[in-house]
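One chain, subunit A, links the two complexes that follow: it is found with subunit B in the first and with subunit C in the second.
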Partner chain A sequence: MTLTRTLPQAPAARVPAPARRRRRSGIGALFVTPYMLYTLAVFAIPLGYTLWISFHRFYFTAPGAHAPSPWVGLSNYRDVLTDPVVGKSFLNIAIFLVINVPLTVGLSLVLATALNAKLPFRSFFRAAFYLPYITASVALVAVWQFLFGSDGLVNHALGGLAPDPSWLVNTHLAMPSIALFVTWKQLGFFVMLYLGALQNVGNDLYEAASVDGAGAVRKFWSITVPGVRPATTLVAVYAIVTGANLFSEPYLLTGGGGPDNSSTSPVLLMYQKGIEQGHPDFAAALGVVLIVLVLAVTLITRKLTERGD
Partner chain B sequence: MSSNVPAASGPRERGARSVRVIRLLVLLAGALAFLFPFYYMVVGSLRKVTEGNLSSAAPGDVTGGNYSAINGAISLGRSLVNSGVVTIGVLLCTLVFGVLAGYALARLEFRGRGGVFGVLLLVQTIPFQLLTLPLYVLVVRDYGLGDSYAGMILPFAINSTAVFLFRQFFLQMPASLFEAARIDGASELRILWQIAIPMARPALLTGTLLTFIGPWNEFLWPFLVTKDASKQPLAVSLAGFLSNLQGTVSNPTGAVMAGACVLAAPAVVLFLLFQRHFTQTHIDSGIKG
Partner chain C sequence: MLRRTASALAVLALAGTAAGCARSGPDPATADHSRGPITVWLSNNAQEAQWGHQMVADWNKLHPDQHVRAQNIPAGKTSEEAISASIIAGTSACLVFNTSPAAVPQFQKQAGLVPLDDFPDGASYIEARSGGLAAQYRSEDGKYYQLPWKSNPVMILYNKKLFKKAGLDPEHPRLATYSEFLDTSRKLVRSGAADAAIWPAPSNEFFQSWFDFYPAFAAESGGTPLIKDGKPQFDSPAGRKVADFWRTFYQEKLAPQEAYPGDALADGKAAMATVGPWAIAAYKDKIDWGVAPVPTSDGRPASQVHTFSDQKSIGMFSACKNRATAWDVMKFATSQQQDGAFLTATGQMPVREHLAQQFAGWFAKNPAYRPFADQAEREVEVPNVAGSIDIWQAFRDAWTRSVVFGRQSPASALHDAAAKTSKILGEY
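Right, the complex of A and B next:
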């Protein structure tokens, strides 16, 4: 197989007839053209446009009308960075991360470890865990709003222990409720991710440790946890990206960002400031700040994981 | 089976059994936490009076009235058609243009191929939500595509994760196959259509499934683009009902649950039919992307 694959292919690929190469080259470029046009229209142009808007005073005008957009330098960025609600939204993301990351890592590691064996109903469990991940946020938010509402099942079950004001309208609990919802919705994805990582760890390490007399707990910390580190890094990156993007949850679950902006997220703020209140320049600058942040996080983690390997 | 095991491993066997029981208990607790809200959604959608007290968690008082109530309030059929048109539009674009791009990236040499691949990876790291503001200004204000299917489809048109998946799949096919066809003088389009695509059916299925849940479940973008209720997909019209139309029906919670069931059903059914295709690729793309 390898022989037939490498032998005839190598010369053909290295010294193609010039005319043929041009033909292949043309057709390849042609095949990727629709995709490149799409990325130009949906990523490159909007990216450039948001940068441009962020350095100008920009208004929405009535269709057909034209308003001047004067250059204002960094003034939109100054507005963004000094806005208390922006600060609040970043603080909310910090709360989100503090709850979401450890909970996701802990629960998905436990569930993946439990799943990582020959068991009855294994595919049923896998399906059950994954179901929320593929279901529309709007549908799940509706159920959670009902479950965690003032007169909802959770409060009825808690009886006297139910928080007042209730979960989603409580300044201290609105953001933690969102973090809990997102953890629940995405957990199945991370369980599968850890399950894949666990299967790569290999049984011989565990057997060797057993021979050396290591207990289950010791094995978990010394073999399992380091073995799944790339998956754990991915949880952290996803959590940061998800946090930066939260919209449906604060908008729908906690009714437009919770009491006193207690669950406002940066993207919700972009919508409220940019489109509802008509300050697209402010929203554009906020968008640029977020993109830089997300790219920086992705690059840093990529560097860290490369060094780790 | 255990009777064949030598007596010496007796305690170990017992330990293994208790580990198994603990595993199953943990998994059962997990399954309950994941499935209960779905169960509660279905039960709530079928009750005459949908309330949050403990006894309401058991099925009873069955009625289909909530489904007709939500249908009357947000017109389920029209919303479903809108969701369907947007989703199918995205699927068609991804399957046609995404497969072309994936094939070219895997099997054709052309100038700038490395650059295109770099763009493919970069696009997957920038969350689309962060670009909603400029996209809104461009699509709705400049191109005049507000309240149109084209406007709703555009940002999702070609799913980059699917393109990546197609590329990986075409890359794994034996090169000799393509060489032989090329020597026979077959055009690239013909090779793609008659050789590569028939072999790539599993990848096309996975690509379809992972692309499907994006536009079907999406809320933010169609919410921004559609002001006209008759153009809204189900996720948007249901969210609208959730935030400000509940007063219009007699059992609002039941109606919301009924709408949620209808919105969730297609993705859940597809998932149950093609479970393995969903889990595998999402994980693969997660690790590689």
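Right, the complex of A and C next:
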């Protein structure tokens, strides 16, 4: 009798755990490589180059041309910070953000809440609010010029109350008009963000509040607003970042910066200085200042909107 | 692994940067004598493009070994922006048939242009063709970086129908002096014949002053450019008269403070416009028009009135490898025969001395163009100085602030703009 003993066989080529982890992380690295390359090419390298340019006397030249680019320290930053038009452009952006960000956050949350409820023609309304966001600015600008021009519909409706000079060429009203335009144009996108966030707010909370006798306003303030707080941070930050990078609207709506630079934005100024007038060093320094300020405002906004979490 | 990937990415980034930095253009010593295929860029104006393609076909028939390819200037916010980007990338065409003289100093600074004096007959050819007009196109270093090609001398085009509607004589319009021009404008607007007497763009783009202030300043000052002998000229009695004249338009709402989203003259919203001869073909089926010289305060006769040229040049760009061919194409495209063909196709004026006499037959057949040809003898160009666009932007800011919107007196705005201009000139 032959006794055959069947021993449990070890896996043929079992990879030890550390090696498995290495392979997995290798595959992961492979997946992230295209994005890393993309980020390096279109963000990190240009940003580093911008920083370098901002500390040198620099202009772009043809290949093979040897133009000296001497180190100038903070000279470009001094030029930027002492230029009255730069100061005006940051003030304009501050006016823009003060109007645009609260309006965007407030209106998009209210509209999203309304569109989240069971409304007749809900899909139509959702699409209608989204439409301006996906329409080219150039086309929308023409409509706004028609509405808010001296001879436009709004002034006709206002009659004797119409401002003179009219909205888009009025030193005091040009920037608020742009802020309203951008708020309206981008509202659909932010409504979508809030609609997504609202799906995570449990219905049971609203039902419990109803049982406790809470009305619609109470439920909005006590359940909806805290429930979508992360989305509010995202909306506020996104609105600040896009607002600070304003270009097309002042360029198109108010003819290159409005009367007396009343709607000039820092990015429009960067375009004028860097591209039109051939001063990329000044434009680079202005860009760096803008990045720093936007970062600061964004961090403050995050702190404020995430307070209480 | 992650460390290795990071290292690989860093190497790739460095290689990319190094490749980007290790750029070189053609060697001028070789390129200046080299012949072969070249590319030229044309404006996207339909008539100009039609002439350009025909000119290239004529050249290619005669020179099959030096083939020329014609394309439109790549799209950009402005042609100058697209050309500037192509200089930096080293991808510009050999020749661009729409180079703005205002942009030449910047292109020159970017080492993007070939000095035409490098060719033995470069300067002599330009001066023989354009005579005394050529001097304005010399750069500060004394060289020609552009071949002055064609101009659109700016005059006042008016809508006869609207003049008649306002009770004015359309065949003998009173537009010579400032007071006549303003009286005519008041009648046009107050009679309801037109929304605006004239509607130049009141916006802030640096080039807009070429169509309101500059023609009037050239006329009032007897042909003085914006900058002369390194000094701004507009903070002067002539400059102040022009600024006050235009201020009256905005103050009395004879000219709107908002840009018109279209063509105000063609749409019958404005009764007059400052335009060049290109407008004849553009408006011939839209309005019954008449033409008058730019006004002066004392109503100078037409034969003494200067204006802005709205000229465009041909530039040869440093990315060009076959520059000998490019120079020959330049001369071919600006020969008497091709200039005649260009005039016929576009109605724009080749920058030639005594143009009206050189093409007397054509002007006899097309008398509508004759006033523009006469005016082409007295043109003022934008100053060919470094920082030209900075200067125009500083001037435009002052102009819109004071003349258009009345937030500062025109005299003090001109004074401030002159100080800023001097500072810019000093920085270059």
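Simple rule for what comes next: the second predicted complex is superposed on the first by the 242 of 309 C-alpha atoms of A that agree within 3 Å, B and C clash if a C-alpha of one lies under 4 Å from a C-alpha of the other, contacts with A are read in each partner's own complex, and residues count from 1 in each chain.
Rule of thumb we're sticking to: a residue touches a chain if its C-beta (ideal position, glycine included) is under 8 Å from a C-beta of that chain, and two chains touch if they have at least 3 such contacts.
Since the structure is predicted, the reported quantities are computational estimates derived from the model, not experimental observations.
Student: Counting residues of subunit A in contact, which comes out ahead: subunit B or subunit C?
Tutor: B
Student: Applying the touch criterion given at the start, work out whether A:Met36 contacts subunit B, subunit C, both or neither, answering first, second, both or neither.
Tutor: In the superposition, A:Met36 touches subunit B and subunit C alike.
Student: Figure out whether A:Val169 sits in contact with subunit B (first) or subunit C (second), or with both, or with neither.
Tutor: second
Student: In the overlaid three-chain picture, which partner chain does A:Ala62 touch, first (subunit B) or second (subunit C), both, or neither?
Tutor: In the superposition, A:Ala62 contacts subunit C only.
Student: Touching A:Pro259, do we find subunit B (first), subunit C (second), both, or neither?
Tutor: So A:Pro259 only meets subunit C here.
Student: Please indicate which partner A:Gly26 is in contact with in the superposed arrangement: first for subunit B, second for subunit C, both, or neither.
Tutor: It touches subunit B and subunit C both.
Student: Please work out whether A:Tyr206 is in contact with subunit B alone, subunit C alone, both, or neither, and reply first, second, both or neither.
Tutor: Once the two structures are laid over each other on A, A:Tyr206 reaches no partner at all.
Student: So, A:Ala139: does it touch subunit B (first), subunit C (second), both, or neither?
Tutor: first
Student: Is A:Phe220 touching anything from subunit B or subunit C once the two structures are fitted on A? First, second, both or neither.
Tutor: A:Phe220 contacts neither subunit B nor subunit C.
Student: Is A:Ile275 touching anything from subunit B or subunit C once the two structures are fitted on A? First, second, both or neither.
Tutor: So A:Ile275 meets both subunit B and subunit C here.
Student: For subunit A, what residues appear in both contact lists, the one with subunit B and the one with subunit C?
Tutor: Looking at subunit A, the two contact sets intersect at 25-26, 29, 36, 41, 45, 60, 63, 142, 145-146, 149, 151, 255, 275.
Student: Touching subunit A in the complex: which residues of subunit C?
Tutor: It is residues 1-2, 5, 9, 12-13, 16-17, 23-26, 80-81, 84, 87-90, 106, 109-112, 195, 201-206, 256-259, 261, 318-319, 387, 389-390, 393, 397, 400-401, 404-405, 407 of subunit C that touch subunit A.
Student: Can you list the residues on subunit A that touch subunit C in the complex?
Tutor: Where subunit A meets subunit C, its residues are 22, 25-26, 29, 33, 36-37, 40-41, 44-45, 59-65, 67, 85, 142, 145-146, 149-151, 165-166, 168-169, 171, 254-261, 272, 275-279.
Student: Could you please specify the touching residues of subunit A with respect to subunit B in the complex?
Tutor: Those residues of subunit A that touch subunit B are 1, 4-5, 8-9, 12, 21, 24-29, 31-32, 34-36, 38-39, 41-43, 45-47, 49-50, 53, 60, 63, 107, 110-111, 114-115, 117, 119-121, 123-147, 149, 151-153, 155-157, 184, 187-189, 192-193, 196, 230, 234, 241, 244-245, 247-248, 252, 255, 267, 270-271, 274-275, 280, 283-284, 287, 290-291, 294-295, 298.
Student: For a test of understanding, state which residues of subunit B touch subunit A in their complex under the given definition.
Tutor: Contacts found on subunit B: 20, 22-24, 26-27, 30-31, 33-35, 37-38, 40-41, 44, 50-54, 56-57, 93, 96-98, 100-101, 103-105, 108-113, 116, 119-120, 123, 125-138, 141, 144, 154-155, 157-158, 160, 163, 174-176, 179, 188-189, 213, 216-217, 219-220, 224, 235, 238-239, 242-243, 253, 256-257, 259-261, 263-264, 267-268, 271-272, 275, 278-279, 282-283, 286-287.
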